[in-house]
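Contents: one structure, followed by commentary.
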Amino acid sequence: MKKFINNVDNLLVESLSGFASAHSDLVTLHLEPTYLTRKNASKSTPKNKVAIISGGGSGHEPLHAGYIGFGMLDAACPGHVFTSPTPDQMLTAAEAVHADMGVLFIVKNYAGDVMNFEMAAEMLPFENATVLTSDDCAVINSTYTTGRRGVAGTMIIEKCVGSLAETGANLAACKALGDKVNQRTASIGVALTSCTVPAAGRPTFDIADTEIEMGVGIHGEPGRRRETMREADAIVNDCVDAILADFKARNIHLNSEALLLINGFGATPLMELYLIYNTAAKLFHNHGVKISRSLVGNYVTALDMAGTSITLCLLDDEIKQHWDSPVHTAALRWGM
Amino acid sequence: MKTAFILSASLAIHAAIVANESEIESLDRAIGDGDHYINMKRGTETVAGMYNELLPLPADEALNKIGIKLLSTIGGASGPLFASFFMGMAKVIKQNDGNNPLEIAAAFAAGVQNIMQRGKADLGEKTMLDVLIPVSTTFTLSAAESKNMAEICSAIKLAADSGLESTRNLIATKGRAAGLGERAIGHLDAGAKSCQVMVYAVCDLLIKGKN
Amino acid sequence: MKKFINNVDNLLVESLSGFASAHSDLVTLHLEPTYLTRKNASKSTPKNKVAIISGGGSGHEPLHAGYIGFGMLDAACPGHVFTSPTPDQMLTAAEAVHADMGVLFIVKNYAGDVMNFEMAAEMLPFENATVLTSDDCAVINSTYTTGRRGVAGTMIIEKCVGSLAETGANLAACKALGDKVNQRTASIGVALTSCTVPAAGRPTFDIADTEIEMGVGIHGEPGRRRETMREADAIVNDCVDAILADFKARNIHLNSEALLLINGFGATPLMELYLIYNTAAKLFHNHGVKISRSLVGNYVTALDMAGTSITLCLLDDEIKQHWDSPVHTAALRWGM
Amino acid sequence: MKTAFILSASLAIHAAIVANESEIESLDRAIGDGDHYINMKRGTETVAGMYNELLPLPADEALNKIGIKLLSTIGGASGPLFASFFMGMAKVIKQNDGNNPLEIAAAFAAGVQNIMQRGKADLGEKTMLDVLIPVSTTFTLSAAESKNMAEICSAIKLAADSGLESTRNLIATKGRAAGLGERAIGHLDAGAKSCQVMVYAVCDLLIKGKN
C-alpha cells in the first residue's frame, strides 16, 4: 500500500482539517465528536428550514462533507474509513444546526449506517425523519431482507432535498421528495481494481488483469459476479441493461427525461469516464430515455478503486427544478 | 459479578482481538469491507483504557458505561450491536447482581436479545449471532445443570466453535455480505469470528481463575 | 493494463464525444481536425475579445477542454494521449473563434507543444501571441536549455488570462498577465505509481512499493530522483522546500497572499489530497505565505498515475481579481 | 528521384517501424513519455496509405505532401521535425531532380538542416539528430567519393548505428529527456532509434534494388 498518509489513526482528522481549511468560507469542522457544519451555522441564528444531515463512513469523498453548503447539506458526520459514524456525532450535529423545523437524515442503506442513525434518531429530542437511499440495483436476489445499498445516487438525493429545504418546505415534504428521488434512481458499479483500506494495508479483494467485478459496492464489497474484462462498450451495455431491467422490475416507466451520472470510484481517469458517458447516453437514448442532465466525475468514491458506477435518475418537473437550482458546496457548485 | 473481573475480561478481550488481527481482518475483506478488525481494535482498546475510571463503579454501571463508550467508538454495524449487548447485560446485572453462573447467563442472554432487536436478525443469517445465540443457550443450559465454571466454559467454547463454523456454508441475509448471495458461501463471518475470539478470551480467564 | 476503452485508436474521439455531449450547453466538438470551442462560437457573431486558445496532448483531463467557457478558454486543441496537437488543429480553431483582437495561445513548455504551436503561429494570418507556461520547478539544473516544463500551474494561467480577456483587454495585456502569473507560479510533482499510456499498454516506468518519483512530470517523465517512500508530511515538506527554494532562486519575494493548488494526478483519492493540503498550507504559513485561495482536486492529470503536485501561485490584486471572477466551464465554475 | 521509389521507401519504413515496436516504445517509456512508437506508427501508416494519391505526382510534390501530411498526423516533438525534413528535402529535389546520389544527399542534408532549425538543436543533444547528422555527412561524403549505391548504403548504415549508439552516454539537452539530467545516461534516444530503423529500411531497399 502506497498512500499519502502519516499514520492510519490520524488520517481522518488530518484530511478533514485540510478540507475545512481549504473551504473555510463554506464549512466548519468540529471534533470530539467529529462533524462538519455550514460555516456560521449556529442555534442562535437558525435559518428557518429543515436541517439536512447526512453522514457515513469516510473514503467516499467528496461525499458527504463536500456537499455541505447552500442548497445541499447543513451538516455531515464522517465515520472512520468505510465505517458508519456513531450516534453521538449525529446528535451533536443535529443540535448544532437544527432550527425549529426538524431534522432530516439522509442515510445510505447499510446495516451499520442504518443502526447508528436509528439510535441517534431515537435519542434526538426533536422532530426528525430519515430518507434511506437504496439506488444500487446490483444485488439481484430480492430475498435478502436487507434491501438495496445506497450508492452514488445518494448525492442526487442530497442535492434535490437540500434545494427543497432551502425554500422552507417542511420535514414531511423534504422526506417525500427524498423518497421519490430515491425511487426514481438506479445505479450499478463495476470495478477494475480493488480499493485498499488504509488500516488494512492491502487490497480488499484480489482481481486478475483479465477480470472485472460487476455490481461492486462503494466499499469494494463483491458484486453480482466476477466477469471477464471486455471492451468498454460491452461493459457499459451490461450496466445499462441492469438499470433498465431494474426500473422495469419496479414498474417505473422510462418515458421521461433523465439525469445520467457517470461516477468515478477514485482511480479512473476522466477520459475514460467521458467515454463511458458517451456509450451510456447513446444506449439509454436508444431505449427512449432522453438524457437532459449529466454529471461526470468523482462524486461518490471508494478510496483508490479503479472503476465506475452508472446512475440514472428519472426526472420530473419537481426533481429537475431542484437539481437545477443554485448550489454552493465544495464539490458541487452552480448558479452562484 | 465483580467489576474487577469485567475489567480483567476487557483486557483479555483486547489482547485476544489483537492476537487474531490477520484472521479477523481478512474475513471482513473477503465478504465485507475490510474494517471489522480495526473497528474491534479501536473499541476494545478504548474500553481497556477505561480501567481506572471503571474500577470504582458497581458492575452494572461499568457494563453500561462500556456499552455507551462502544457506541461512540466502534461505529459500523458492529458498534451499535456490541453497545446494545453491554447495555442489555447491565440492566439484568443491576437486578440480579450476577453472583452465580445462572444470573450471569441470564444477563448474557439479555445482551444477545438486545443485539437481535437492534439488528433485526436471528440465528442462521451469517452474523455474530450465529456464535452468540448458541453460546447463550449453552451458557444457560450448563448453568442450569449446575456444572462448575470450568465445565461451563468448555461447553461454551465448543458452542462458539461450532457456531462460528456454521457460518461458513450460510448465505448471508443480514449485514454487508447479504448482497453477495451464493458468493458468501465458503467464508466465515468476521463478526462471528470476533465473538468466538472474545468468548474464548473470557472463558480462558475464568478457567484460569478457577485453577 | 485495464482501462475502459474500446480500442486505442478511437479512445480520444469517443471520449471527446462524451465530453461534448455531457457539456453540450458549454462546448462544441469539431472533428478533422479535432478542436473544441465554446458553444455557438462563430465568426459571424464574434465577441469583441482576444481569443484564448490552449491545447496539448490528451491524458491531462480536465485540462484543456474542461476549461472552455465564459471566463476561461475560447477553444482547446487536444492531441493524442501525451502527444502535442498538430498545427492544423490550432489554425482551424483560431479561425473559428477569433474576433478582431487577435489570438493568444497558452502553451505548456514541451518541445512538441512549442514546435507545433510555433508552426501554427507562423501560418496564422492574423495577430497572435503565445504564453509559454513553465511552472514546474522540479528540473534543477538550469544548464539544460529547454527550460522548465509547464504543469498544473497552467490552469491558473488559463483562468486569469481568460478572465482578463473577457473584459475586452487587448492581446498585449493578456499576454503580459499570462507571463506574470507564470512567473509567480511554481509547482512540483511526486508520483507513487506510473501512468499507463493506452497505446503502450504498460506502465511508463517501474516503481517499487517502497519508492516514489520526486519531481515527476505530468506525462510520467522521470523527475529529480527516485526516493524512498516516506510519510506524507515528509514528502510534502520536501515539495514545499523545493517551491520556496525556486522562488528564492528567482528572486521573487514571498511576502504576499498565495493560491495553493493541490492537484491529483488521476488515481489519488481526495482524502489524501486534503491531507496534503493540510500539511502544505501549514508549512507555507510557517514561511510567511498567507494561503488565501485554494483548490484541491484533479485539475491537471497524468492518466491513471497516483500522485500529486503542489502549486503555489503568488497573488497580487490583479491576479486575485481574475482568479475570483466568475467562470463557467465544465471543470471550474463559480459566480455563475 | 522517382516517386515510385519514395513510395516503396515509405512502405518499407512503415514496415520497419512496426517491426521495431517494442524497442522504440520502450526507449520512449524509459526517458520520455511512451508515445513515440505510436506517433511513428500513425505517421508512417498514413503516408503508406497515400500511395495511390502520390504515385502520379512528381517527386518533390510527393515529398512535400508527405511532409504536410506528417505535420498534421504525428504531433508531439517528432511530428514537426519529420515534417520539416520532408518539406526541406522537397525544396531541393524540386531544384536538382535528385537523379544521382550527390543530389539526393544534398536534399537529405537540407531536410536535416530544417530539423535543426525547427528544433533549435545540434549534434550531441541526445536526439534524432545524433543519427541524422552523421548519416547526412556520410551520405554526402560517400556520394562525393562516387561510391556505388550499395557502398554508400553500407557506410550510411554504419553511421546510423554509431550515431544511435552515441546517444547512450549523452545527457539530453533538448526534448523531454532534458529534464532528466544524469538519469538519461545509459539509455538510447527513442527518436534516434526510429531514425536508425528508417535509414536501414531505405538502405536495404536500395541495396536490394541494385541486386
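By written order: A, B, C and D. Residues from 1 in each chain.
Quick note on the criterion: contacts are C-beta pairs under 8 Å (C-beta built on N, C-alpha and C of every residue); 3 or more make two chains touch, one makes a residue touch a chain.
The model shown is predicted, which means the values in this text are computed figures rather than measured ones.
Centroid to centroid, with C-alpha atoms defining each point, chain A and chain B lie 32 Å apart.
Averaged C-alpha coordinates give centres for chain A and chain C that are 29 Å from one another. Mean C-alpha position of chain B lies 75 Å from that of chain D. The set of chain D residues touching two or more other chains is empty. Residues of chain C found to touch two or more other chains are absent. Viewed as a contact network, the protein chains form an open path, each link joining two chains that touch. This structure has the following touching chain pairs: A-B, A-C, C-D.
Those residues of chain B that touch chain A in the complex are listed here as 25, 29-35, 37-39, 42, 71-81, 118-119, 171-181, 183. Across the complex, chain C meets chain D through its residues 8, 33, 57, 79-89, 110-112, 115-116, 118-119, 138-141, 143-146, 149, 197, 199-200, 202, 204-205, 217, 219-223, 225. Listed in rising order, the residues of chain A touching chain C in the complex are 1-7, 11, 14-19, 21-23, 58-59, 61-62, 66, 192-193, 209, 212, 229, 231-233, 235-236, 262, 266-279, 281, 294-296, 298, 301, 303-304, 306, 308, 333-336.
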